[in-house]
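I've put the structures underneath this note.
One chain, subunit A, links the two complexes that follow: it is found with subunit B in the first and with subunit C in the second.
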Partner chain A sequence: MASTRVIAPYVLVLPSFVLAALIVIWPVNELAQLASHSVNRFGQIRDFVGMANFAALLDDPNFIASLWRTGIWTIGVVGGAIICSVPVALVLNEDFYGRDLARVIVMLPWAVSLTMTAIVWRWALSGESGMLNSALLELGVIDQNIQWLAEASTAFPMQILIGILVTIPFTVTIILGGLSSIPDDLYEAAALEGAGRWEQFRHITLPLIAPFLNIALVLNTIYVFNSFPIIWAMTQGGPANSTDILVTYLYKVGFRLGKLGEASAVSLVMFGILLVFTLIYVRLTTAKGAKI
Partner chain B sequence: MNSSKLRRSLVCWLVLSPIVVTALFPFAVMLITALKPNTEVLTPTWWPSRVAWENFQTMWTATNFGNALRNSLYVSVLATLGSLIVSIPAAYALTRFDFKGREFYRQFLLVTQMLSPIVLVVGLFRLMVALGVIDNINAVTVVYAAFNIAFSVWMLQSYFATIPLDLEEAAWMEGAGRARTLVKVFLPLAVPAIVVTAIFTFINAWNEFVIALTLLRSQDSYTLPIQIFSLVSGRYTVEWHHVMAATFAATVPVAIAFAWLQRYLVRGLALGAVK
Partner chain C sequence: MQVKTLHKNTFFSLKRLMLAGVGAVALSASANAGTVRVTVAEYSAKTGPYFEQVAKDFEAANPGIDIQFEVVPWDNLLQKLTTDISANANADLSIIGTRWLVDFVEQGIAEPLDSYLTPEIKGRFIETFLTPSVMNGKTYGLPIAASARAMYYNKDLLAKAGLSEPPKTWAELEDYAKKISAQGNGVYGFGLQGKEVETDVYFYYGMWSFGGDIVKDGKSGLDSKAAIDAASLYKRLIDQGATQPGVTSYAREDVQNLFKQGKIGMMITAPFLANQIRDEAPNLQYGVAPIPKGPGGDQGTYGVTDSVIMFQNSKNKAEAFKFLDFLFQPKQRIKFTVDEGFLPVTKAEAEDKYFTENANLKVFTSLLPTARFAPVIAGWEEIADTTSSALQRIYLGQGQIEPTLKEAAEKANAILKK
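Our next item is the complex of A and B:
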């Protein structure tokens, strides 16, 4: 009996471990092989070339540009989503008529696949017949059609805005979880002491939801950094690679140009960056656990 | 008292109005375009002159919707079942046993969660080529199941931890074995958690893009997102009323299920984040 108690948890955990490991470890090993060898057009692995694939990346201006743009994309979307989500979550935490409906509407973009969202926006933003232009024309905001997706200066900010829109639901969810853990009597006590709403927010709400904001920040950074469909389905990184981020660059190099070695090198670079984010996440969650 | 709540409601809705409008805008675009007669699709007016319900019918055949729908259902249902079958025991072990390697296993799950499919896509593609299962929806199903394990275990575990141990202990006292207790006592209590997790896994699989885009090569095996994407990418003329009708038909059932269930997700994630 005692021995089955010792073995049981491992038996229970094993199938999930094997399945997840198969889908992670084999590909990671493959990526390491591809990145350190020269690979011909048919995907056969040739000579060991050390860091040559990485060096080739550094020589490619598109890689450097994509790297920077990934930074702008990630900071823009995550920052924008957090700034928008705090007031939205605060409002959704109030008791008001139609709150359930409001919650559903705010959460809706989460339910739609990013691919579909991106395709719908691509149509809505079309220059000649797009419904955004016709709405803005009718409202008198603009007096001629804007070719939103024809150049990066309008396409990329639009993609960031859409990124923010689809990131808000998850962020609001996490913040609502934090808000629900704050006892009401804290506010009553503060109100008795004469603290205004802003002071209550600064000195009670914000410090207490800070751990939740941190978690939302790190998890969103990871999701947004990896986010492929919005940019791919709207512009495929175009026009002329001007809206490429690392993931779309990776996909193009790997599957359009067929340079699997360089694509694997990009993957490993991303892997390294993600590992740093993961370590930050682990630090944040364990530090919080220690405090409670 | 009531009039103050009314005033507060107005202010709340006013503050939320920008996000409400932007969240609903894509749905409006989808529905309005889907219902425009095809001669009006490219004219930049908001409202159609008449409601063209027949678009949904012509879309069905023109976009090969039925086949993609079948593929999506097949992949999503099997991936959900597969992921649950391995995740339920794992989540149970994490909540009810204290074993060596528990922390390692949790960190491992975290890493698989961080390594999104896109980072691994080149390696996954090579794996599937080596196994000879490119353009095979069963291969896609297995990959989806594997990538949803971390999320499922996390969600299930945070609910399982709220199920009191007393009931199981009472069953053991009466001489029921551990396995019997698990099936007769624990699992029935866990049904709501399992259903919620299943539905979110289903939605994840239903919406996935990059793996399907890479591993599926022929129209016959396309899932809905890829099928619809293929209607707009690399084409001179895009039948937007068909595309929007297809997007609407593929999105609305999932959106309704999600709207109904989002409160459970709020609870599950909040529990998971705190634990």
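Our next item is the complex of A and C:
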């Protein structure tokens, strides 16, 4: 009797462990194999080379630059999305005529594939025939066309803005979930005590949706860090690698230049970084999961 | 519900990460005897239906052999082949860019076709296009699509600038481009590609005309005088407003679109633009001329072929070759080449009326004797990428011409030595 009790949890956990092993541990093992060997462009493994693939990465200024840029990209998109999503969620949480429609409109970008969004923006940002330039000229904001995608200094900020735009729906959904769990009587009591809208937000809303913001932060970080379509469809990381982030760099090294060993090394580096975020996520959900 | 979606998202992001690195998990389904699987590139919307029809016709004539096509967008083709081969799940035949062939041959992935090729079949092809598929004396691929480049010019824009003939030299081109740009109104003289695949090739047109080579005696020609002269010319065109602004945001298709909109006086590209103009801008008055000559009279166009190869691990080689024999008969060939706007690769096609009576296509075929192909070297894609990046820095004014080219040449030489 006592022994079944000891074994039971492990038996119950076993199926999910096997699943995890199949989808996580086995690929990571394969990646480690590729990253530590010389690999031809068709993924056929040749000689063992130890850390040479990682060393080659550190020697590549484009890798280092992509690493930093990935940081800017992730912080910019995730931070921007959260800052924009809180007010949107607050408005959508109010009871007003046509709220359902407004919610649908805010959620719509989620329904369109990222690649489609990015391609539409690529057209919109085209220098000679793009909608954005026509609109700005019409409004008198600019007096000659801006070549948005010709240089990183204009292309990359635009990509971050588009990243924010497509991240908002998911973030709003999470925050709305948090807002709907706050009982109305808290606000009524606070109003009786003379708290204004800002004080109510600052002392009631914000602390109570904080766990939800944390979740949004971690999940978006993981997602945005890995996001390929926006940058690829608009600039392919160019001109001259100046808008590459790790995942577009990975794709180029792996599939365009055929260096699968180095590409696997990049994957492992990315996996390491993301693992840290995943661990944070697990902590957040287990510590405060009861509230969700 | 909320919790469930959240977990699902982490799950997906992890899985995506894995897949990004490892490539597709083995999907290998061993083909039945008598089934020939063929991977083909999707050149246009007409490609898929064309191959479906070919398969139907072939199967009707050869009962017992089943043809299965996988139509892959051109941009994803190399990636698909890479993952298929690493998972040992590749087809029996595939279209590849002939410039990739060296890797396929070195790694023992492509099967030599010599034991199947009868003199009759070999004799069907135009020599120039078959040669790039021959390595170490063996034929590894049959050219299925061929293209060369020439200069398209907008007759109306030239006439408005008081010009009656297209430029014959690069010096004339510079002069004409400035005159066309001077019309203003969003009209520019020379369309210059500065983004994505073939950014380097657009530069070679100039470099070849100035007498340069991509690779000479095993060394990169990027730091040669010809390369510097050509880069200086292109940079001058950009600085004087003779090209469209922001060249580094223009891929080849983007420049072609400007040309179709009548906003570009001259651009260099492949025969298929003529088909696009026919369908999308039938009123555009344009002509096709040879690529201008350099000061020494040099001239060169870029020749490109795609080939069909047979995989060394194919289990149905005889059936597969039977299909190739069928595919390269005049009826199939002419329809394909006309549909896609390529150049004829077999002699029978070249004799067809469609090609002999088409003045524009004649310009392309007349350039073939001077056509140059991408050098057959391992690591070519990396050299092309290095070159494109260097050019983008020059076009943007982020690098001085000579040092930037020199640095790129050094990188290319290091790749060549491997």
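Everything below uses one rule, namely that the second predicted complex is superposed on the first by the 259 of 292 C-alpha atoms of A that agree within 3 Å, B and C clash if a C-alpha of one lies under 4 Å from a C-alpha of the other, contacts with A are read in each partner's own complex, and residues count from 1 in each chain.
Note that in this section contacts are C-beta pairs under 8 Å (C-beta built on N, C-alpha and C of every residue); 3 or more make two chains touch, one makes a residue touch a chain.
Note that this is a predicted model, so its numbers are computed, not measured.
After the subunit A overlay, clash or fit between subunit B and subunit C?
With subunit A aligned, subunit B runs into subunit C, so clash.
Could you say whether A:Gln236 touches subunit B, subunit C, both of them, or neither, answering first, second, both or neither?
Once the two structures are laid over each other on A, A:Gln236 reaches both partners.
With the two complexes superposed on chain A, say which partner A:Phe255 touches: subunit B (first), subunit C (second), both, or neither.
A:Phe255 contacts both subunit B and subunit C.
I'd like to know which partner A:Trp110 touches here: subunit B for first, subunit C for second, both or neither.
In the superposition, A:Trp110 touches subunit B alone.
Is A:Ile119 touching the first partner subunit B, the second partner subunit C, both, or neither of them?
first
Touch test for A:Phe17: subunit B only (first), subunit C only (second), both, or neither?
Touch status of A:Phe17: first partner only.
Taking the superposition as given, does A:Ser264 touch the first partner, subunit B, the second, subunit C, both, or neither?
It touches subunit B and subunit C both.
Answer with first, second, both or neither: which of subunit B and subunit C does A:Tyr97 touch in the superposed model?
The answer is first: A:Tyr97 touches subunit B but not subunit C.
Which partner does A:Asn226 reach: the first (subunit B), the second (subunit C), both, or neither?
After superposing on A, A:Asn226 lies in contact with both subunit B and subunit C.
Touch test for A:Gly177: subunit B only (first), subunit C only (second), both, or neither?
Both partners, subunit B and subunit C.
More subunit A residues touched by subunit B or by subunit C?
It is B that touches the greater number of subunit A residues.
Does any part of subunit A touch subunit B in one structure and subunit C in the other, and if so which residues?
Common to the two interfaces on subunit A: residues 23-24, 27-28, 30-31, 34, 43, 128-129, 145, 174, 177, 215, 222-223, 226, 228, 236, 247, 250-251, 254-255, 260, 263-264, 267, 270-271, 274, 278, 281, 285, 292.
Would you tell me which residues of subunit A are touching subunit B in their complex?
Residues 6, 8-13, 15-17, 19-24, 26-31, 34, 43, 84, 87-88, 91-92, 94-99, 102-117, 119-124, 128-131, 133-135, 137-138, 145, 165, 168, 173-174, 176-178, 180-181, 212, 215, 222-223, 226, 228-229, 232-233, 236, 247, 250-251, 254-255, 260, 263-264, 267, 270-271, 274-275, 277-278, 281-282, 285, 292.
Using the touch definition up top, name the residues of subunit B that touch subunit A in the complex.
5-6, 8-9, 12-13, 15-16, 19-20, 22-30, 32-33, 41-46, 82, 85-87, 89-90, 92-94, 97, 99, 101-102, 105, 107-112, 114-116, 118-127, 129, 142-143, 145-147, 149-150, 153, 178, 203, 206-210, 214, 225, 228-229, 232-233, 240, 243-244, 247, 250-251, 254-255, 257-259, 262-263, 265-267, 269-270, 273-274
Taking the complex as given, what residues does subunit C use to touch subunit A?
Touch residues, subunit C against subunit A: 2-3, 6, 9-10, 13-23, 78-79, 81-83, 85-87, 103, 107, 109, 186, 194-196, 244-249, 254, 257-258, 261, 263, 381-382, 385, 388-390, 392-393, 395-396, 398.
Which subunit A residues qualify as touching subunit C in the complex?
Per the touch definition, subunit A meets subunit C at residues 23-24, 27-28, 30-31, 34, 40-44, 126-129, 145, 147-151, 155, 174, 177, 215, 219, 222-223, 226, 228, 235-236, 238-241, 247, 250-252, 254-258, 260, 263-264, 266-268, 270-271, 274, 278, 281, 285, 289, 292.
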